[in-house]
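Right, one structure below, let's go through it.
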Amino acid sequence: MRECALNNTNQNELVKRFCSVRGESLAIIEPLTVEDCQLQAMADASPSKWHLAHTTWFFETFLLSVYCKQYTVFNSHYRMLFNSYYNGIGEQFKRAHRGSLSRPSLDEVLAYREHVDSCVVELLKTEVSPQIKDIIELGLHHEQQHQELMLMDIKYNFSVNPLFPQYKTSFLNSQNKSTDIKPLNFINFEQGIINIGTNADDEFAYDNERPKHQVLIHPFSFANRLVTNGEYLEFINAGAYSNPQYWLSDGWANIQNNDLTQPLYWHCIDNEWFEFTHYGLEPLNLNAPICHVSYFEASAYANFVKARLPTEFEWEYAAKNTPSTEINNHYLTPQQAKSDTEINQLTDSCWQWTNSAYLPYPGFKPIEGIAGEYNGKFMNNQMVLRGGCVFTPQNHLRQTYRNFYYPHQAWMCSGIRLAKDIV
Amino acid sequence: MRECALNNTNQNELVKRFCSVRGESLAIIEPLTVEDCQLQAMADASPSKWHLAHTTWFFETFLLSVYCKQYTVFNSHYRMLFNSYYNGIGEQFKRAHRGSLSRPSLDEVLAYREHVDSCVVELLKTEVSPQIKDIIELGLHHEQQHQELMLMDIKYNFSVNPLFPQYKTSFLNSQNKSTDIKPLNFINFEQGIINIGTNADDEFAYDNERPKHQVLIHPFSFANRLVTNGEYLEFINAGAYSNPQYWLSDGWANIQNNDLTQPLYWHCIDNEWFEFTHYGLEPLNLNAPICHVSYFEASAYANFVKARLPTEFEWEYAAKNTPSTEINNHYLTPQQAKSDTEINQLTDSCWQWTNSAYLPYPGFKPIEGIAGEYNGKFMNNQMVLRGGCVFTPQNHLRQTYRNFYYPHQAWMCSGIRLAKDIV
Amino acid sequence: MRECALNNTNQNELVKRFCSVRGESLAIIEPLTVEDCQLQAMADASPSKWHLAHTTWFFETFLLSVYCKQYTVFNSHYRMLFNSYYNGIGEQFKRAHRGSLSRPSLDEVLAYREHVDSCVVELLKTEVSPQIKDIIELGLHHEQQHQELMLMDIKYNFSVNPLFPQYKTSFLNSQNKSTDIKPLNFINFEQGIINIGTNADDEFAYDNERPKHQVLIHPFSFANRLVTNGEYLEFINAGAYSNPQYWLSDGWANIQNNDLTQPLYWHCIDNEWFEFTHYGLEPLNLNAPICHVSYFEASAYANFVKARLPTEFEWEYAAKNTPSTEINNHYLTPQQAKSDTEINQLTDSCWQWTNSAYLPYPGFKPIEGIAGEYNGKFMNNQMVLRGGCVFTPQNHLRQTYRNFYYPHQAWMCSGIRLAKDIV
Amino acid sequence: MRECALNNTNQNELVKRFCSVRGESLAIIEPLTVEDCQLQAMADASPSKWHLAHTTWFFETFLLSVYCKQYTVFNSHYRMLFNSYYNGIGEQFKRAHRGSLSRPSLDEVLAYREHVDSCVVELLKTEVSPQIKDIIELGLHHEQQHQELMLMDIKYNFSVNPLFPQYKTSFLNSQNKSTDIKPLNFINFEQGIINIGTNADDEFAYDNERPKHQVLIHPFSFANRLVTNGEYLEFINAGAYSNPQYWLSDGWANIQNNDLTQPLYWHCIDNEWFEFTHYGLEPLNLNAPICHVSYFEASAYANFVKARLPTEFEWEYAAKNTPSTEINNHYLTPQQAKSDTEINQLTDSCWQWTNSAYLPYPGFKPIEGIAGEYNGKFMNNQMVLRGGCVFTPQNHLRQTYRNFYYPHQAWMCSGIRLAKDIV
């Protein structure tokens, strides 16, 4: 079998990268108990165990079952159990019930991972075709997306427990040592025709970032840092959650119907504000960026301060014109901005809601083949977020990366970057 | 009182226009019984009586109560009863219960109209300020929007009645005389930087059409006419309503959750297709444009034929480059295209779903003052439709007009214009 | 044709009674406008127009269509449109949408009544069979039930209108002249084996009152009058609507989920209590019986005063041993008790929730034939109410009459009779 | 402290019994993994871990915290976390989210059990007051109820997993060896005044079985055994799930709204019937009793065969007049009847739906004190089941035992005993 013939140096790199990324998923569940790995406190927040299985299913279904003739599936039920939303593959186990599966056990899922990993590594030892490389790359980026989801979901799944469980305890409590913070500084950008997206052949990008195309940008200014918890608190204290004037109509309905009076993880206890984090319940750090806000909250806050959210094109333009020195600092909560004047917190703190709906770029084509349901079918009623956050794997990001969520969702690490028209 | 001092020629024009537009609303209920005027078969489809009262409330609240010092309100309860969604004005009677108000009676509502009309006319006899003119213009366009809504809502409210009531009986049944129809012809448009929207001071435009700004357009082609019922029937016959591959994820959920198998007003009776219209149940005219489709249906159909929906900018560009000779033909169902080659059916048939989300233009500013809730707060989760339809008042349209609905909605007269990338 | 042959004296009585009862339904809509007759503010509260049509449909479907060979239906669509719940007859128009039918108009429904009435009268001029008499009797009692429903539904349908429409204006306002009221007096009843229900051949009774059977009663005491608004107010003022201790588990869930803090038609305006009535909004008469309470409220109140609700058997026993001189006083709101010591307010004020579930009597048999769905299939999750109320037609009641509603319902005229164990 | 003084022989019995019952709960989770113990696939089906904690909480809250002065609670959060529905104790963690608690872990819950058990045993070593004995007895019966619930919930929680997990594998597969079965034999019972319930001081009974009181019974006949799967299959094959004529109105709505076409755990695979059991998916044993039917299904089946369900009084009467030799056979699925003529399957197979609503007996008084919410507040909208089932602990049953569920529920082991009037 040709695919199973031998050797070449590049593969070694690919094998290394494969093993490294796959290993990161296991590292995430290190601090968790078996019971923690099964939690699903809302339909959106899948169990860690499910993520471990689903990312494995991806390689089994789109790589091994297609390109490895002698491959036999680990368990025929998994095709349905761990299919997320690929109608082309067939039926899916009901999303909201992923937490109702005690079998396969975590141990069985880990064995599934080992089985698939060793088959993939075996396959990669041969001379691999470009198609195989492509699906490996897609699978690894898919895995990294799920690594971020795992951290989001663990946080949410822990948050409903009145015991406020800690995912990690090693936090240095830097939050409370935060220094003074200066008011927002708005940086001006000129009008221009700019390139958006990518055609790159040599480095990975999702279909939704393609093709590279020109966009006309109008003059705008862009906040140097994200909005802080302290700034957002002024919005709350001004009575914003009981005043429809700042809110989109759907947003106002959302906070009314769900009795929302504050961001998702905030708690006011005896008149003091706390925030649920991966380190348990922590005093609110007023200088750290507000995170876990919905688009509705971000948009209402922007109205409150007579600014607006940037478009995704403005964000990409600003990012491409900012020297990037950001490194994720290994905390799982965003930290105070490092600069009071320069643009920062682009990718190392919170995703930033843009005022752009998630829609196809001109000339968009979904991935060919059975993985083609990857992005296109979600281009409806969602808003684009740009940047990256403290949960995002270090090498997963690009300036062209388009993240997207429904306007009411807030369990991802989403913050607020302000922009303004220049008139 | 200054506002009530006398005379000037322009007013006569304004008074005439005011009376003419206000009269059109009454003409719409001409064929209806008192009982018909109270129907509300779903939350979206308000009673005709409510529309008559609400459009009057608009002039009372934003014009007379502000600019006419000696004005006393007709009935103090109406401020709440006929407020649609203006939180700035105060509480609103629950939308879904508008059909549960037998009092005020239709007669009382008509008396309310007369009262407000005569006060407005009296006010307009004096020298009117630009602000007054502006609010009159806004009020008249608002009234025209509601005239279209009245026709939409009457159709829906009648459609749930198994007796299939007829709103009008004078239909010439031209539907069945339709001639052969040629395949779609796609017209090419070049890349360019074009003006979108308007800054016009001299003619009316909503805030959401402003300001005029430049947009970069990529080369595209634009279908000469709308998709027909016959063409859409092929989509149905190909099993599209049971095949997820064509559908957006939310769209597939929508048709599954609501057991949809065909467009809103279609009925298959003994293997023949009929369509509910203002003229009762009619045999489906295969050559007339498909209408009352949701964005989900429009988008899925476009996928099915390997085309796409145009952006709202492409639509505006194409419209501005097409000599417009369209006149609404007084039918209440769209008719077969007049040309097999030229672009037609832009404004005289069905609104056309675009692939643009309803978002603010760069530099958008809501109307100043208490009417400022008019458009901005709906800029979320809705898609733009362009054009106009058989329900739209003749002089209500502009090439810059932006209509908008949620992707699942279909009770407006919404059709499908296809576009394609040129690559 | 035999059924249409002529004459005999008994019929004249039956014709008179038929015309009289049918006429009462028309008298009820006398004060209503055409628009009022179409209101349906909740699924349970059907339009008056629908009641007028449905009671006519009953005679058409179960009498004329069966026993009158040459009868042709008035309109073939009505079979479905005005079928309430008879699956044996076929499909039913969706209950919650009865208010969405403007056609047939009220005039057409009145014509339908005339058509059916004249055919029935024609039929009754002949020698009528016992089966025909039976179905006429059933139809007339059915009509009287709907007369009470019409008054209940009109009240509810008006109540959601902030204008608080008046059904009648002739009210003498006796409410405010009420005299002092003495505390409840409990009358003792001995243990015994009593007859419950009826086997009567000579007078009408529903199937659910049959057959007569023996029941063993334990000693109990029975309140002389109904609980008053004033007494119920103490329950409210004691914080009962925020204290789970008095409530059934389902009842507590019901008031929590619906944010209930007071009975259905009560309004607290500027610290004064009002009650919505057929005469509009009226100051609460503290000495009149509380009405429009749910079983949950009745049961919680009984707990609060350390009493209980009677069983339906205790109620029937007490009623049969009380000389009945009650005459409905033509008010549409219940009035203060006439006696401070004797048992009164049995049938002339409010229905009285019992602590008996609505279940078949031993030996229960549903009516034979197509009207057999009348009662039996509702014997689930409902509680029996006994007595009668100010909305009930004078000659509609019997001591064996079993009314029944779901525990959460309160739009019927339901009050509280207390009982106690004797130990 | 008096309660902690020493010795007396009776206690040893009580301690033994306490340890034995508490141990049974642990035996139930023996075959389960840690992950299994956390499952909650619907709000009604709590995790095994939660049951283990809640039954412990019961002793901590109602016994140790009240009667053991030096007792300190194991974890102060547990008071809320493991409170089921006792409003008198305070807030409760949301029922539907019990499966969302990974902390405390199963190990911590087991430690909690040990802590409380040793404190209870310590307390019981002293001379114990009657109050303490009573609360111990109540707590042990409460624990036994939860043991049955654990088996019910495990079955349900496993049933949603397409892998059909096995709780036990040791099943002898007797199902398939079943012998022929004779038609139902109806045993006649005479009219009489009988004693129902109990006043026993010397043996345990819940408050809802008290007081003993007389009930008049009409002549009836009582089926010798339960309805079998095979008999129920005829009902299905007769099209009963698509024919409203057999169903209560609410029952028909229930099967329509939930698309029910068969009992809860039945599966039709390639035209063969299977049943999900604690032993996994098993071929349907046609001679075994139908179980896991709702009251709606039981009632409809009875209608289908022109019989009815017994009242709870008839059931108790029949049971008291039947020599009981039944012993639960350690299977977790009900087996074929042992006798074709004598009354059997009273307590060893399935609970039997009665046609009696769950209501208080004459003279009912809830338990005094903080455990008083035990039964009374559920006396609404539920139907009584009598008997016992294969999940019920051997020594937990009494002929006066009243079990109760909502009519739509079916995850308990509920079967059908038929009765008939004798006329």
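As written, the chain order gives the labels A, B, C and D, with residue 1 at the start of each chain.
Convention: a residue touches a chain if its C-beta (ideal position, glycine included) is under 8 Å from a C-beta of that chain, and two chains touch if they have at least 3 such contacts.
For clarity, every value in this text was computed on a predicted model and none was experimentally measured.
Of all chains in the assembly, none touches subunit C and also subunit D. Chain centres here are means of the Cα atoms, and by that rule the chain farthest away from subunit D is B. The geometric centre of subunit B is 59 Å away from that of subunit D, both derived from CA atoms.
Taking the mean of the C-alpha atoms as each chain's centre, subunit A and subunit D sit 46 Å apart. Separation between the centroids of subunit A and subunit B, computed from CA atoms only, is 38 Å. Among all residues of subunit D, none touch two or more other chains. Viewed as a contact network, the protein chains form a single closed ring in which every chain touches exactly two others. Within the complex formed with subunit B, the subunit C residues making contact are 33-36, 38-41, 77, 80-81, 93, 97, 99-106, 157-158, 160-163, 165. Considering their complex, residues 85, 87-88, 193, 213-216, 218, 220, 244-245, 247-252, 295-296, 299, 308, 355-357, 359-360, 362-363, 377-381, 407, 421, 423 of subunit C touch subunit D.
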